[in-house]
Amino acid sequence: MSDLLLKLAEAVEFGKVDKNAPYPPQLKGQDGASELTQQALEEGALPSAILQDALIPAMDKVGQKFSENKIFVPQMLLAAKAMGAAMFHLKPFFQSGDIKSKGTFIMGTVKGDLHDIGKNLVTMMIEGSGWTVIDLGVDVPSTKFIETIKANPGAVVGMSALLTTTMTSMQDIVADVRKEFPDIKIIIGGAPITHDFCKQIHADFYSPDPQGAVKYLKELAA
Amino acid sequence: MSDLLLKLAEAVEFGKVDKNAPYPPQLKGQDGASELTQQALEEGALPSAILQDALIPAMDKVGQKFSENKIFVPQMLLAAKAMGAAMFHLKPFFQSGDIKSKGTFIMGTVKGDLHDIGKNLVTMMIEGSGWTVIDLGVDVPSTKFIETIKANPGAVVGMSALLTTTMTSMQDIVADVRKEFPDIKIIIGGAPITHDFCKQIHADFYSPDPQGAVKYLKELAA
Amino acid sequence: MKYKKLVIDNPQDLLFGLAPKPVKTPRGLEIGGGQVYSELNFTLPTMSINENTIKEVNRHYAEIAEGALQRALDLESKGVVLEFETLLEMTKTPQIGIDIVKIMNDICEKYYQKHGLACEIRLTPNDLREFERPALQRTSKLLEPMFELFDKGSLAGGDLLSIESTGGKEVSDSALMMCDIKGMFFAMIVLGVRDMQFIWKKIVEVAEKNGKIAGGDSACGFANTAMVLAEKKFIPRVFATMVRVISVVRSIVAVEEGAIGPEKDCGYEGPFLKAITGIPISMEGKTAACAHLSPIGNIASACTDLWSNESVQNIKLLSGMAPTAYMEQLEYDVRLMNVALREGKASASLLKRLLEQSDIYTDPQALVLSTENVIRISKKLIQGDTYIENAKNGALEALDIIEEALASGQMKLPEMETAYLPLLRADIESIPANESEFVEMMLPVLDQSHFILSEYGL
Amino acid sequence: MKYKKLVIDNPQDLLFGLAPKPVKTPRGLEIGGGQVYSELNFTLPTMSINENTIKEVNRHYAEIAEGALQRALDLESKGVVLEFETLLEMTKTPQIGIDIVKIMNDICEKYYQKHGLACEIRLTPNDLREFERPALQRTSKLLEPMFELFDKGSLAGGDLLSIESTGGKEVSDSALMMCDIKGMFFAMIVLGVRDMQFIWKKIVEVAEKNGKIAGGDSACGFANTAMVLAEKKFIPRVFATMVRVISVVRSIVAVEEGAIGPEKDCGYEGPFLKAITGIPISMEGKTAACAHLSPIGNIASACTDLWSNESVQNIKLLSGMAPTAYMEQLEYDVRLMNVALREGKASASLLKRLLEQSDIYTDPQALVLSTENVIRISKKLIQGDTYIENAKNGALEALDIIEEALASGQMKLPEMETAYLPLLRADIESIPANESEFVEMMLPVLDQSHFILSEYGL
């Protein structure tokens, strides 16, 4: 890998968004993910190589460190921001078909439920692993999920629920979605959810943490 | 009600089985349920009246006192024994059709489960309320339930389970029984059982205690 | 802030079961009057709430109250508080909530009349306003059903009124995840304080009109969430500690507006509030492990007046329904404290010391809850002239306490944690004491699509 | 009986965390050596065990061990015992049980190697023999799989071996419901003692062969069942108290045969066994409310060395899986005791007194567990020449203690309860000390279709 890509990977891993960003202190004044991506493109690096060789491995590392409790969420969020800054420059190549997203992931907290801290973490990590994420927010009804799936054929759907009373809302939404899209993959999570519940409502996958979802999606895309 | 029936009711209520029985001390030396039933029959009391006016009200009272924590199980057991002593003399009239049992109740602890203390209490109280009880014991498989139902058409079935791992055995047995007898009434109980579980496995009734079962059966028979 | 002097300024006087301003309830509990009572919390198992299930919903609450009170009675309890924290549907359609209060209150009344067991219901409607994004804190139509529930629910038997209000949460949600302490100050000490003034005036009004008790608020969405996140190792414990300390300044506003306690359980501001204002409090620790894991299992009870389990679903355990089992656990915890109180100050103080020593140096969140440190921090929390100043002083004092414990070797923290200490100090010190200056400083860096300043009177 | 003198004869020396004969485990726990450890118990949620579910069964046990040890680690635990009490299928097909031991032991080993957390598995196969009715206590084919599990399960990592053996249960089941104390004597002191001698010789053999620890037995089916029934108000508490006291004589046989502790949790004979033999014990109280309600929530811990939750299903609470939540609760209970021990005898004794005073006069079952009464009764339990005599003396002493507490007004019991006191005394006094005389006396009144004398060497 070129020096530049190595530097870019480092910038993402440590959450250096751009030159002006104050974080992390040890990279103060240096180029950030934004500048380094631009430079790489100018030097003729393939957009797909930038993504595959620098950005995604960097986010993998971040995910790994997070799993091992070696960093806190803010560091992960900064890395995600840096990744976002890099992606901004790569976007045109997605549209032109030069790079392919691994797929589209549609995520929401189910109807009646406002808890989104967990959901936000999940979307962030999935985004970091190379998926295009559409975040529907909280209190999301069936109709909105269905609409969005229609507009994004082949997408994978994720749902979060934190209340025992909205678990049944999750069950209804899964059923509604299944009726229209029998083969769609649905993954679910949230503190009260269990393996058993996942089976019971005929969702495809449950994970107690975002890492599990990332792994599952990786296998799906492979 | 005649004096004799009053006395009989008292003997049952306080668990005086027969003249020789040492319990309860305050009735020492007096006639017990056995003698009093014989006397009543000799004096021409209708067997059904003996049952309806003396024995069942006495057991009702016992059940009531037990519900209100005014007596312990041994007192209830003694009452049940006294009732049994009386029933011994009434049995011929059941066979001849002079009195009708409220129905037959088939009870067992399900396959894999050996807990029977609770089950025994339930059968005892149901017997005391005028039902003919067939106790299949513990560790009872579907086949045995089905056999017994075949031999006793129209019976109501009761099942008990105390282990989380035998709850599923209860579920299977209910399904097996239902397949052969779609309309049979099944009531279930035991410490880990809940209303929800009852619905889920399509049993007809759940009660956390014997009294609830007695009440339900009373309504069934009415 | 109204308070200029601590009501309790000696750590030894900050003790479980004893509050300078005890609260008497209609059925005769004297909270803070010399003994600790259990506060049982509970919720529905997995199910939805709608016309088809409403009978079942009601059955659950009746079963919970009946099971818990029967157990409390069997254990010779001296009295119990049942907290009824409503779920969305019960507040949106207040009649649902009111009916449940009535069902449970009838059971309380039965146990009171028949057995003399004193039981009170704490009614805690959930804050509906957060359903609108950005939230309309003052003008939302959703305030109507909320206050209908406060009003009619209190008349139906909700003798203690509480809420976990969410003013400022629009900002704190992301500030928490970014460990942005300035954002947390803005969320809690600017927006939160202003919203507390607004909402608690109204709650106290209802309480006074109906002759009920305005209990208190707790910074659940802020401080409790911070603790849960820290316990998951998502954010530093030292950051969660800061959030907890500054939450005092937010929650005390309820008392300024007329709340008289018992404070609510899940924000852990209680000990500070008790020291500053003298009102009785509710806390939760090990016996709330059903609701969230915690680093303050024992120390949380050191000076509490009610002892709570935070929440447990009405599901079946091997012994019986979970709320019944938790009732038992709370009662035994409380018995231990009460037997110590009965023996006298020496025994009670020793038990308190053991409860404190058990946890104090295992986590900075525990450290700041030792009664000694509570007094130290509380003094700072009332020293300044503005809410912001007070929160700053309190947080800086807590930082000092943490650093002292580290320096003395009594507490150990990994470098991942200690790295945050200077950052936090610098950030906190950079906050201006003046509200408008602070608002000016923060507005440019906040996502203003998430909140509406005018809904906070700004 | 082997014991003629108490190892501990001063109530003050009967204290949590300290046993005269501590037990050291391979991973370095020193049970009874100066601190109390948690003993976590757990079981499956509603599900069956068969080929189709076995993967899921294993997943549950892995999840339980992983969740519990992670939590213990986070709480800076000093060490933990995980009790694996098998369910029918796991003993019938021993490989299932052995695999689960292995799965959990690997997790224990990981936490030990990586973090130094000492965790041991107590393997408690269920007594299969009761599946045959009447039971073939000595000749049953079912002994084979049971002992295969003891043998290979201990090699797979079940370092502590225990059982809740059921000899005599055929008689006690109905004796319990009839409050027939003579029947209980026959069940426990004739049949039970003989079966204990038989089964524990074999267990100790396995332990010695494999270099493992023979823990102990507990009269679960007798004394625990009696407590549960009394708690349901089905039988008198004073009767359950008698059952508990005489169960000591049954359970001590394990020690006579070579068990060295820790005794098992759920029969509550522990304190007496500790006084008489000096071995460390396990007890359960308030934090076992998940498994059964109890009248001895605090007092049960007064002199325990392990503190157990008896059992909880692996189901989800709001905080996480129930075994994880109970791990936390146990750890905080244990921390309190350990911090008192660290402070020294004075603090520990005071905490013990509070734990005792909390419950002592609320129930006769609690009364006999105060360390003072434990010593008083234990002295009587070893005074005679036969097991029956010892059980009689112990029970009569307990009756005296109850009557004294009633006479002094310290304890109050309803007339329903006190009515049983003279009946119990008369019945107990009528029991001959000589075993064959007693057998002769009982045979005519027992339903002999329920048990086979020769299976007990009679």
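By written order: A, B, C and D. Residues from 1 in each chain.
As a working rule, a residue touches a chain if its C-beta (ideal position, glycine included) is under 8 Å from a C-beta of that chain, and two chains touch if they have at least 3 such contacts.
Predicted model, so just to flag it, every value in this text is computed and none were measured.
Undergrad: Which chains lie in contact with each of chain A and chain C?
TA: Chains in contact with chain A as well as chain C: D.
Undergrad: To get from chain A to chain B along touching chains, fewest steps?
TA: 2
Undergrad: Name the chain whose C-alpha centroid is farthest from the C-alpha centroid of chain D.
TA: Checked the centroid distances; the maximum from chain D is A.
Undergrad: Mind checking the centre-to-centre distance between chain B and chain C? Centres are C-alpha means, answer in whole Å.
TA: Inter-chain centre distance comes to 51 Å.
Undergrad: Please report how many Å separate the Cα centroid of chain C from that of chain D, as a whole number.
TA: Chain C and chain D have C-alpha centres separated by 39 Å.
Undergrad: What is the distance in Å between the mean C-alpha positions of chain B and chain D?
TA: 34
Undergrad: Enumerate the residues of chain C that touch no fewer than two other chains.
TA: 43, 45, 313, 318, 320
Undergrad: Please set out, as single numbers or ranges, the residues of chain A touching at least two other chains.
TA: 164, 192
Undergrad: Looking at which chains touch, is this a line, ring, star, complete or other?
TA: It is other, because the touches fit no line, ring, star or complete pattern.
Undergrad: Dump the list of chain pairs that touch, please.
TA: Taking the chains two at a time, the touching pairs are A-C, A-D, B-C, B-D, C-D.
Undergrad: Within the complex, which stretch of chain D touches chain C?
TA: 43, 71, 74-76, 231, 285-287, 289-295, 297-298, 311-313, 315, 317-320, 322, 324-326, 328-329, 331-333, 335-336, 339-340, 343, 347, 350-351, 354-355, 357-359, 362
Undergrad: Considering only the defined contacts, which chain B positions touch chain D in the complex?
TA: Answer in residue numbers: 69-74, 77, 112, 114, 116-117, 120-121, 137-139, 163-169, 192, 197.
Undergrad: Contact residues on chain C for chain A in the complex?
TA: Within the complex, chain C touches chain A at residues 43-49, 87-89, 130-131, 133, 173, 176-179, 225, 229, 233-236, 313, 416.
Undergrad: Quick check on the complex: what are the chain D residues that touch chain A?
TA: 45, 56, 59, 316, 318, 320
Undergrad: Which part of chain A faces chain D closely enough to touch in the complex?
TA: 164, 191-192, 194-196
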